[in-house]
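Consider the two complexes below, in which subunit A is the common component and subunit B and subunit C are the respective partners.
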Partner chain A sequence: MLKFISMKLGLALLVALTVSFISFILLYMAGDPAVSIAGEGATADVIAAIRQQYGFDRPLLAQYIEWLMRALSGDFGMSYYFKMPVSDMVAERLPVTITIGVLGMGFALVLAIPMGVLAAAFPNSWLDRLALGIAVVGQAIPSFWFGLILIVIFSVNLGLVPASGTRHWTGYILPMIVLGYYATPAIMRLTRAGMLEVLSADYIRTARAKGLNWRSILFKHALRNAIIPVVSLAAVQLGFMFGGSVVVETIFALHGAGFLAWESISRNDLPTMQALILIFSMFYIGFTLLADILNAWLDPRLRSG
Partner chain B sequence: MRLINAAAAVLLPVCLFSSTALAGKADDTLNIAFSKELEHVDPYYNTAREGILLGAAVWDALLYRDPKTGNYVGNLATGWTWIDDTTLELTLRQGVTFHNGEPFDADDVVFTLNYVIDPKNGNKSQANTSWIKSAEKVDAFKVRIHTNGPFPAALEYLAGPIIIQPNEYYAKVGQQGVALKPIGTGPYRMESVEPGKHFVLKRNDAYFAAAKPKASIGTVDIRTVPDANTQMAELFNGDIDLVWGVPADQADKMAKMGKFQVINAPTMRVGYLSLDAAGRTGAKNPMTDLRVRQAVNHAINRQGIVDALMKGTSAVINSACSPVQFGCEQAVTTYAYDPKKAKALLAEAGYPQGFSIDFYAYRDRPLAEAMIGMLAEVGITAKLNYMQYAALREKRIKEGTPISFMTWGSNSIADVSAITSAFFRMGGEDDARDPEVAALLEKGDSSVALDARKAAYGKALTTIADKAYWVPLWIYSSNYVMGADVSFTPTPDELIRFYDISWK
Partner chain C sequence: MSDIPMTEAAAITAPPSPARLLARKALRHRGFMLGLVVVGFITLVAVFAPFLAPHDPYKQDLLARMARPVFLGGDWKHILGTDALGRDYLSRMLYGARVSLMIGLVAAMISAVIGTTLGILGGYFGGKVDAVVMFIVSVRLALPATLVALAVVALFGGSLTVVVLVLGFLLWDRFAVVMRSATMQVRQMDYIAAAEVLGASLPRILWKDVLPNVMNALIVIITLEMAHAIILEAALSFLGLGVQPPTPSWGLMISEGKEMLLFESWLITIPGIALFILLLAINVLGDGIRDITAPEGRN
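The block that comes next holds the complex of A and B.
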């Protein structure tokens, strides 16, 4: 197991390094940072002076290595746009994104797994159809529209929660639902498919023949085997939520890391983009790694792979 | 089940409590929504309108332009005279203190001006300060500003974006400190800053109130709410009292409800098409031909777009500037909507079948698409390239674009030097590169006599219209939506003076 983990860990680090290097090169090719720093009405002389002052005229590889060395010690440089240390800004905004991501994933799992299990336990029943309906709707509704509808109903009409912001903890409820609901269909369908396959396996028939109680078979014997692909999917979805909650953060005025990333891109704020790309890719890589380890723990056969 | 009941018993009152409106007159707090994140509260380190608003609330400039009369009055300065063409001497007001108690004097003015003109310090709005050569202290309450050549529009800039920072405090905390705790002399002091997200302003009861009045409302609470629909929801809930820049269809709906005040007011922002007359994207570019540029002018039904899509107080313009700006000559060649004539001009220029061209835009996609449709009717196939502003600007500076749909708000400076000179004096975004126009504008920018300035600008704008370098489109208007108990009258310069807002 230890060998398995260390091998996966080494691979993950390599991937993270590659991602950061490629994104660094691409970002520098996409726009001239000196022009965006100089601001409106700057002359060519000023732009040239800035290019030199910030060291943009040096070879890219040298710039990257310098950036990486600093980043490893936690210094991501200054945001061109906010004129603040990037690490401070990210530290301030990441908790919001992580909070709604974890809440959203919790919401999705609590909704999706029982529904998937029930849908598989009673295939083609009205319960299955209901679960399918919820999944189809969740996949079909764009999250910005769903978010606004929830705001109109629960904030404007019923006055139960604030429409935006997190001045009060109730402000997290609607973002959690919107973000979580979007992840629900895939998890539920995968749970259902896995359960259907497992439930038709011989050992389940044996367990039933032994006279074990149905609930214990479903949740103890079958779910543990059916959930392996769901764990991988949920891990990737969580990575997606941490990096891609831009829409939800915009609608609910949450000012998390996703919104910051979007803003940095539109404003050519390289240090911020670079730090966020590294952090987001670390999330993806970390969660994939976690999923691998969890799966290996759940299913010893995977450890040799 | 018991657990759920218990949880509900705890949660429900909390939920209900959270919904009680915090806003408004009852606690003397005006809640405002910004649509985009302001990068830095120091007006020299942002290029956003939101920054200009905070600049006017928290700081003071040396002069002040009365929005009603258009005249300059003293603010932090009490008197000013041009000693020669390039030296302005200002007498400063005595007895003014900054929010932290630091007394205001000549050192603050000299420090601020010399700091912002130094490229090392990364001032973002260089267009506002590039005319200053240096500032010099004469005595404790007298300063001299030396300009780079004669620059009569200086007063307009000194009354607008050039605000004065406290030198001792600034030296102590630096740019980063100012980002979190800015100090000025203005009618409001900044109580708290969460960068980009949330700003709380408190009335400065000790304000000297020479040009601007003392603030009426005790607290201004500003949150950034990027989504227009969410802003409307917050207005319904009473959690926001004032927003602006509301899209026309939404403003219409809000007005029909009768619960809100909806005001449409013009702004200084103009829209225009910049045509690559200088051939920067290639010498064979059709836009280098005067007849083609005239055809483009004739092809676009500006009035039709204003009536159908913009509404309110938006209006068509014919000069390359906003009509409220000084020197914006109105008696120029105009191009009426005439697709037949456009086609004839294209045929005459050797394009009887029309041509294909790249069309760049960064905002107002529906307006861009309407114009592209009109160009198609005369045979010009314009391909829309929709980009972020920063990226488009960079492209325009570096390599130019055949046609760009741009807008410009002139930083609320009511002088043609802030727009026509910014785009036609051989700068990065000058698509005409016409030395005659550039020379005329330079003359206008540097002449001291008002008549001479007006004449030079008039001639430059006439030439720009004759040569059809731009398609001047329209001035934008802004929809302000506010709660029933807010008393506020928008001004055409789109500056929301928080200190002029009161409760009904």
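The block that comes next holds the complex of A and C.
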């Protein structure tokens, strides 16, 4: 187990290092950063001074290593646009993104797992079809459009929840649904497939033959075994959701890290872009690592592989 | 040897050819047929948009702004109404189908080439090659696709070419993962060992023996990733960092109609429903192909 964890940890660190290099390189694909800091109409002298001041005239690798060392200590430099330390802005915005991400995942799990279990318990029934319908629609519905439609129905026409902002807790409801529905189809399909496999196993037949309560067989004995791959999928999806929250935060005007990413990207604010791409990647890498370890702990067969 | 009745009898009892079996399964699969018909219809609309469109999709008519569609009390001159610049909505919808399908198709092709190459190499060679492939896939998955796409479009400008290339170079992960495991299975087969013993060259084995046998899985992923590329293009255009105005993209039309959300919600409903139907049809088609090409007894 310790060998497994250290191997996975080493791999995750290597992936993180590569990703950090890629997000650093992004700045260099954009052309001369000194020009974009100086702004339009700056003289060559000013640009040269900025280049020296920010250290853009040094070798790329040296700049990368310095940037990485600073990033590791939580210093992502100053935002070109907001003229504030990037880490302060991110720290202020991240809680909103984490809140809707976690709420969204909760919504997805609460919807997907019972539906997946019931769909597998009654294959080809109307419940199974409903679950399939929810999954198929969820895969095809563009989340930004779904969000707008929910705003039209629940905020504009019914006036139940605010259309934007999070001053009141009800402002989190629609973003939670939109973000959560996005993760639902995959989780539901995996739960259903896992349950179908487990339910055909011998020990389930034995349990039924012994006259055990069907509901306790489903939710206690079968689900416990079918849930293992679902746990790891959910962890990975949560990583995706943080990165994908930019769309939801923009529609509902939630001032989270995703919205900050959109603001900084549309204003060519490179240090903020770099920092956010790196941070969202780190979340994903962390969650995948967690999922791998959790999986190995729950299912010892995986440890050798 | 010229016993004609015998051969006729044999022909009757002989099992139907694989192609005919496939066709029979396809015709019986409701989802597949429905998806095929809808995707086929939208493709035809996209191809013949210049002939079908009643107006020029770019022509502004400021005197006829925000005309309502026929079903909301508008007149037949603009069947789906006009947008805030007085451009005919139906014509923009028809041309928008071109943008979506073109981006979906080309991006899926680019990512299919990248992902399939990586996946087949990893699956065939295993060991260190496979470890490298899986490492590249992990790095790609760790990068948040939406943010990276937004950033690259912001840096290089939102032309159709840039959007297609960004999506093509971002969405190959599923190809790599699926092709890798499909190739691992094919690798175990006797005909691969036979080809190796016969001294077939490596490119020949990969091209003539491996690729045809993972083709079914490949086609399924191509359809699903087409839908993925279309939905991402729409999201990028919606956020203002995808296809740029005045190009008619469904995502962009939803973004433009967003301002009028409270008063004229049909402006976002029409392109939204079109997008939803297209994505639904492509996904159902992909699932159908998977069912049909799966070996007997598997679902």
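Simple rule for what comes next: the second predicted complex is superposed on the first by the 300 of 305 C-alpha atoms of A that agree within 3 Å, B and C clash if a C-alpha of one lies under 4 Å from a C-alpha of the other, contacts with A are read in each partner's own complex, and residues count from 1 in each chain.
Note that in this section a contact is a pair of C-beta atoms (placed from the backbone, for glycine too) under 8 Å apart; a residue touches a chain by one contact, two chains touch by 3 or more.
What you see is a predicted model; the values in this text were computed from it and never measured.
Visitor: Are subunit B and subunit C a fit on subunit A, or do they clash, once the structures share the same frame?
Guide: The answer is clash.
Visitor: Looking at the overlay, what does A:Pro59 touch: subunit B (first), subunit C (second), both, or neither?
Guide: neither
Visitor: After the superposition on A, what does A:Ile149 contact: first (subunit B), second (subunit C), both or neither?
Guide: A:Ile149 contacts subunit C only, not subunit B.
Visitor: Taking the superposition as given, does A:His168 touch the first partner, subunit B, the second, subunit C, both, or neither?
Guide: After superposing on A, A:His168 lies in contact with subunit B but is clear of subunit C.
Visitor: If we overlay the two complexes on their shared chain A, which of subunit B and subunit C does A:Ser266 touch? Say first, second, both or neither.
Guide: So A:Ser266 meets both subunit B and subunit C here.
Visitor: Now for A:Thr250: first (subunit B), second (subunit C), both, or neither, which partner does it touch?
Guide: A:Thr250: touches subunit B and subunit C.
Visitor: For A:Leu11, using the defined touch cut-off, is the partner it touches subunit B, subunit C, both, or neither? Pick first, second, both or neither.
Guide: Only subunit C is touched by A:Leu11; subunit B is not.
Visitor: Taking the superposition as given, does A:Phe280 touch the first partner, subunit B, the second, subunit C, both, or neither?
Guide: In the superposed model, A:Phe280 contacts subunit C only, not subunit B.
Visitor: So, A:Gly211: does it touch subunit B (first), subunit C (second), both, or neither?
Guide: Once the two structures are laid over each other on A, A:Gly211 reaches no partner at all.
Visitor: Report for A:Phe82: first if it touches subunit B alone, second if subunit C alone, otherwise both or neither.
Guide: A:Phe82 sits against subunit B, while subunit C stays out of touch.
Visitor: Is there a shared patch on subunit A that both subunit B and subunit C touch, and which residues make it up?
Guide: Touching subunit B in the first complex and subunit C in the second, residues 31, 144, 148, 151-152, 156, 250, 265-266, 268 of subunit A appear in both lists.
Visitor: Show me the residue ranges of subunit B that touch subunit A in the complex, using the header's touch definition.
Guide: Counting only subunit B, the residues touching subunit A are 14-16, 18-19, 37, 39-40, 45, 47, 119-120, 122-128, 130, 175-176, 179, 195-197, 223-227, 229-230, 233-234, 236-237, 239, 388-391, 393-394, 397-398, 422, 427-428.
Visitor: Hey, which residues of subunit A end up touching subunit C in the complex?
Guide: Touch list, subunit A to subunit C: 11, 14-16, 18-19, 22-23, 26, 29-31, 136-137, 139-145, 148-149, 151-152, 156, 240, 242-244, 246-247, 250, 261-262, 265-266, 268, 273, 276-277, 280-281, 284-285, 288.
Visitor: Enumerate the contact residues on subunit A facing subunit B in the complex.
Guide: Residue positions touching the partner: 31-32, 35-44, 46, 49-50, 53, 81-85, 89, 144, 148, 151-152, 155-156, 159-165, 168, 170, 250-253, 255, 259, 263, 265-268.
Visitor: Name, in rising order, each residue of subunit C that touches subunit A in their complex.
Guide: Within the complex, subunit C touches subunit A at residues 135, 138-139, 141-148, 150-152, 154-156, 227, 231, 234-235, 238-241, 251, 254, 258, 261-262, 265, 268-269, 272, 275-276, 279-280, 283-284.
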